[in-house]
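Shared chain: subunit A. Partners: subunit B in the first complex, subunit C in the second.
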Partner chain A sequence: MLFNSIEFLLFLPTVFFLYWFVFKNQLRAQNVLLLVASYIFYGWWDWRFLSLIIASTFLDYFIAIQLGKTDVSKKRKFLLVISLAGNLGMLGFFKYYNFFVSSWIEAWSSVGITMEASTLNIILPVGISFYTFQTLSYTIDVYRKEMQPTKSFIDFAAFVTFFPQLVAGPIERASHLLPQFYKNRTFDYQNAVDGVKLIIWGMFKKVVVADNCAFFVNKIFENPEAYSSGELFVGMVFFAFQIYGDFSGYSDMAIGISKLFGFDLMVNFKFPYFSRDIAEFWRRWHISLSTWFRDYIYIPLGGSKGTQWFQIRNVMIIFLVSGFWHGANWTYVVWGLFHALMFLPLLLFNVNRSHLITKSYGWLDFAKIGVTFLVVCIGWVFFRADSIADAFQYLAHLFELKSLGLSLFYKTNANLMIFALSALAVGILSMQELVWVIKKRDLPKISAFGALLLVLLIFFMGSFKNQMDFIYFQF
Partner chain B sequence: MKKFINKIALYTFFILLIGNGIAFLSLYVLGKSQLYKNQFVKNGVKEKHFDYVVLGSSTGLTTLDTKLIDKTLNTSGLNISMDDTSLSSHYLMLQYFLSLGKTTDQLILCVTPGDLQNPVNELNNNDYRFLTEVQDTLIYNYYDRMEQGGLKVLAYSKFMPILGVSYYNNELFYPSLYAFLKPNKRNRFDDKGNFTYPQIKNNIEKGIVSNIETSYLNPSFLKIKKLCKQKGIDLVVYQSPIYRKNVVFPTNEDFKIINHSTILPEELFYDNIHVNSKGRTFCTLAFCKEIKNP
Partner chain C sequence: MKQFLVFIGKIVLVLLLSAFALDFIYTTVFAQSEARNKVENVINSKPQDYDVIILGTSRANNHFVSELFEKEGLKTFNYGMSGAHLFETSLMLKLMIERNWEIKNIIVETDLNLSNEKRDDGTFGRFMPFLHKSETITNHFKKEADFTELYYVPFYRYIQFDEKVGFRAWYKTLLNEPTNTLANNGYYPLGHNPKANMKNNIEKLKPLRNRYFEEIKQICKANHINLIAVTTPMCSNVKGMEYFKKVKALYPEIKEYEHVVDGDEYFSSCGHLNDKGARLYTAKIIEDLFKK
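And then the complex of A and B:
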């Protein structure tokens, strides 16, 4: 079920009504309701994949219980390995099996050896990378004795499947979200109002910004050699806004919907295109994933301690894994590598945290923001292209600067209209976020009038006919 | 909680009020313009009676030039074709044309072989253009019948215009702003309803001529035929050129068929199914000859 679908428009008020009116002050019943609602929400795509979530839930629930019962180090490690193998095994099979098989065959064929191996017709379950990481965080935290295992299966299952963030995050930590299922929740008017405003803002980013930009992005990336350098540049920038509007829009809606049920989710995006360097970008972009990698991979590897060689190794690992997490394609790995290469100089010159101490924005900061945005945009070309060769071809055409013409955008009336809409949407988003960045906000703050205006903009600027799936569902 | 529900209800009411108001105005302005073919037929065509009308999709719009036909045969005709449509929309357009009190002696129905034998009618890409007339029972019933799924955005626009106008905002809302400034502007057709593709070198793939057999399975075709009979309109089925295809029609029909599927030289095609401006003249003159000498 998509947030921007008619089904969800009926689903959400129904669950809200049952939650606050029928099961008011009944914690257990509310959690059961959330669990059932989440299964319905997820099963709407393909009910068969519910079995994977249920299996993952059972696995980590029982492993954690067992971890809570023993202090024997070997046994604890064994239990952790079972959880890791089970969760990552499922993820690996559904997401990476075909990729590894075809990469293996290609590697051998490149040295002249023909191999035969069959790939499987595997459908990628929606959101598998998100809920797998969420359950893993629970087991690892219990293993590290940073939290107690829960005895309530319902609470744990509701935490794993919590529908607002189930398929595209934020990837919640068990230590933050799970305890919220234990406590009685009372309706908070201001929290609910803030939630509705966030839903509206997220919807604007998705339906108006992302889906309008997608029209040209799909055209240009499909056949980049047919377009001028100017058009390729706009295509690249539009993709930056498409993926941002799409993904952060989903996160905003997830946080907003959670607020309606009295839950608090972590902030996943802090206006990342106003970053002054790549280090800052990664503190503002997909925060729930980058902090997950930081806490469960980077720091256990030694983090920024040790020799420079160790630091470089750790940074490379973290960025490559992060790229690979996004999908079974070398393009994502190269995207990760590209970001690692952009990050390493900051680390080596020890300026990767300098943005944390800068209090206000001067002209130089805005110049840095512009440069960082361009670097991020170049990275997105690898992320969006079908293959590494396609990405390089795109960039080669772009930097050829053969022609700066923009005729694609005014070739037909329809193109001109969609271009104008996309540019206007990107302008509104950027200006609004600039205000929030200058005011040092982490989350959007919207007035009642602003929310009303946004709804009207969604109606009259939204791309409903050419509605696109959320990009991050495929991860 | 009560306060929250009340606020949500109040804001929803305001949004729907303002949104529907804007959508209503948008449809009103568009309805008074000549932007799309149905609005043109209603607001831009003063004549009540025609010797013939050309009805079809993009091939009907671009193959027969009614100005040249009228000049050659000394007749009065009109092209009421609409691109990206099929026989179900053609039937709607014919009904709409007649419902405006207009008449014609002859209907030149431009068909495509695939559409003609398609037994299933679905909503077409440009059917939204009739939304300005959704209050008309004819149009509402058409949308209601053709739209699939739970939320019929076009049909329900009769009661909530914001549904259709926001869903088709690029096609209806923004053009209505344009129509407000230029109410006589027509969207890619001249004052007789014709459009032509430019004279450019085509890139169509070469191939040998093959036959395509067709049949009259489309229910909308049968309805058009019946309506013509009821209204005393002479039905002529016209097949425009298709690159390297020979369309074979069933024989012994009680209407005239002009089959131009194979008459056009290669260089007069714009693409596989459309003719260029010279091709249009070529086809129109050939048509005049055939219609004059049965």
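And then the complex of A and C:
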């Protein structure tokens, strides 16, 4: 079920009504309701997907219980390995099997050896990477004795499947979200109003910014050779805003919806396009994933301790794994590599922490923001292109600077109209976020009047055709 | 909670008022227009008399040269619409009848479109502004899965089909910006395209006993209209031409014209004749069906 669909418009008030009016002050019943609602929400795509998430839930629930019963190191490790193998095995099979098979065949064929192997017709379950990482965080935390295993299967299953963030995050830590299922939740007016405003803001980002930009992005990336350097530049910038509006819009809506039910989710984006270097970008972009990698891979690997080579290795691993997490395509790996290469100089010169989010902005910082944004945009070309060759071709045409013409955007009246809408939407988003960045806010703060204005903008400027899927669902 | 419900109520109220207002504004503007596309041209029309009306997809729109019929003294208009399915073709005919059009002959392109009973969103969207205006449209769309939302939720129809009846279309309609859709009495000539892909594969298509073609037959019979159902040409490099034999087996009354124009120089793409080809094809149709 998509957040921007009619079904969800009926689903959300129904669950809200049952939650606060029928099951008010009944913690267990509320959790059961959230679990059932989450299964309906997820099964709406394809009921067969439910079997996987239920299997993953059972696996980690029982593994954690067993972990809680033993202090024998070998047994604990064995249990952790079962959980990792089960979860990552499912993820690997459904997301990466075909990729590995075809990459294997291609690798051999490049040295002249022809191999035959069949790929499978596998449907990628929506959001599998998100809930797999969420359940894994639970088992690993229990293994590390950082939290106690829960005895309530319902609470755990509701945590794994919590519908607002199930398919595209934020990837919640068990230690943050799970305890919220144990406590009685009381309705808080201000919290709920803030939630609604976040939902509206997220919807604006999705249907006004992202979906309008998508019109030109799809056209340009489909056949970059046909466009001028100027058009390719705009296409690249529009994709940056498309993916940001799409993904952070979903996160805002997820956080907002959770607030309606008395839950607090972690902030996933802190205005990343106002970063002054790549290190800061990764402190602001998809925070739930980057901190997951930091806590469960980077630090266990040694983090920034040890020799310089050791640090470089860890950084490379973390960025490559992050790229690979996004999808079964070498383009994502190259995207990760690109970011690693942009990050490493900062690490080597020990300036990777010179732009902490809390640090105020000076005038020079705006030049740094521009450069960082450009670097991020170049990375997005790899992320968006169908193949690495396509990405290089795109960039080659872009930097040829043969023509800076922008005729695509005014070739027809329809194009001019969509371009104007997209540019206006990007402008509104950027100006508003600039204000919040300067005020050092973590989350958008919108007045009641602003919310009403946004509702009207969504109506007037929204692109609703075919209810475009959120890009990150595929991951 | 009460305070929150009031807050939500205010937002819903603003939303509803905006939706009703926008729905009203959009509908009013579209209701005034009759020259920007064929759907509104029929819906906002007064009673008309025609010797020949042509219906179908782009393979009707680009293949039947109205001018050649007119030269024979036959008042003709080509209402073929690119992308349209028989679902919309049948509705167009119903609307003409509802508006008391007097039609002697209807030529319906019935070939590849027989394989489909679903709606075409692009054409379907053009009917949206008139959903409440015509009972015929309402009844025709009633069985669609999203009918309730489209009919009852204000402005939803414009959101859902914004490519055809969204802000851009509304704005152009408001400015009364002309289109060339109705030029040449509805016929849209295609040029020669040297880069065109002159092959096609229609092996997977299967003609159906199409309920909307059945509807068209019934309407014509009830209104004493001479129905001429024809197939139209394809280029020579098509896999699955047996499709047309299946059409013939299913509907013996459909006249076979898929082979009457031969040679890639007469085609703009494999499924569409260029102007030169269309003139040959139309001349043959007139010769066979209107002169003999």
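FYI, the second predicted complex is superposed on the first by the 470 of 475 C-alpha atoms of A that agree within 3 Å, B and C clash if a C-alpha of one lies under 4 Å from a C-alpha of the other, contacts with A are read in each partner's own complex, and residues count from 1 in each chain.
Note that contacts are C-beta pairs under 8 Å (C-beta built on N, C-alpha and C of every residue); 3 or more make two chains touch, one makes a residue touch a chain.
Model, not experiment: these values are computed from the prediction.
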Taking subunit A as the common reference for superposition, should the pair subunit B and subunit C be classed as clashing or as fitting?
-> clash
After superposition on the shared chain, which partner residues are touched by A:371: those of subunit B (first), subunit C (second), both, or neither?
-> neither
Of the partners subunit B and subunit C, which touch A:107 in the superposed model: first, second, both, neither?
-> neither
In the superposed arrangement, which partner chain does A:55 touch: subunit B (first), subunit C (second), both, or neither?
-> neither
Considering only the touch criterion stated at the top, classify A:115 as touching first (subunit B), second (subunit C), both, or neither.
-> neither
Report for A:6: first if it touches subunit B alone, second if subunit C alone, otherwise both or neither.
-> both
Taking the contacts subunit A makes with subunit B in one complex and with subunit C in the other, which residues are shared?
-> 6, 20, 187, 189, 192-193, 196, 413-414, 417-418, 448, 451-452, 455-456, 459-460, 462-465
Flag every residue of subunit B that touches subunit A in the complex, lowest number first.
-> 1, 3-4, 7-8, 11, 14-15, 18-19, 22, 150-151, 162, 165-171, 173-174, 187
Using the touch rule from the top, collect the residues of subunit A that touch subunit C in their complex.
-> 6, 20, 187, 189, 192-193, 196, 413-414, 417-418, 448, 451-452, 455-456, 459-460, 462-465
Which residues of subunit A touch subunit B in their complex?
-> 6, 20, 187, 189, 192-193, 196, 413-414, 417-418, 421, 448, 451-452, 455-456, 459-465
Subunit C residues touching subunit A - in the complex, by the definition given at the top | 1, 3-4, 7-8, 11, 14-15, 18-19, 22, 149, 153, 155-156, 159-163, 167-168, 171-172, 177
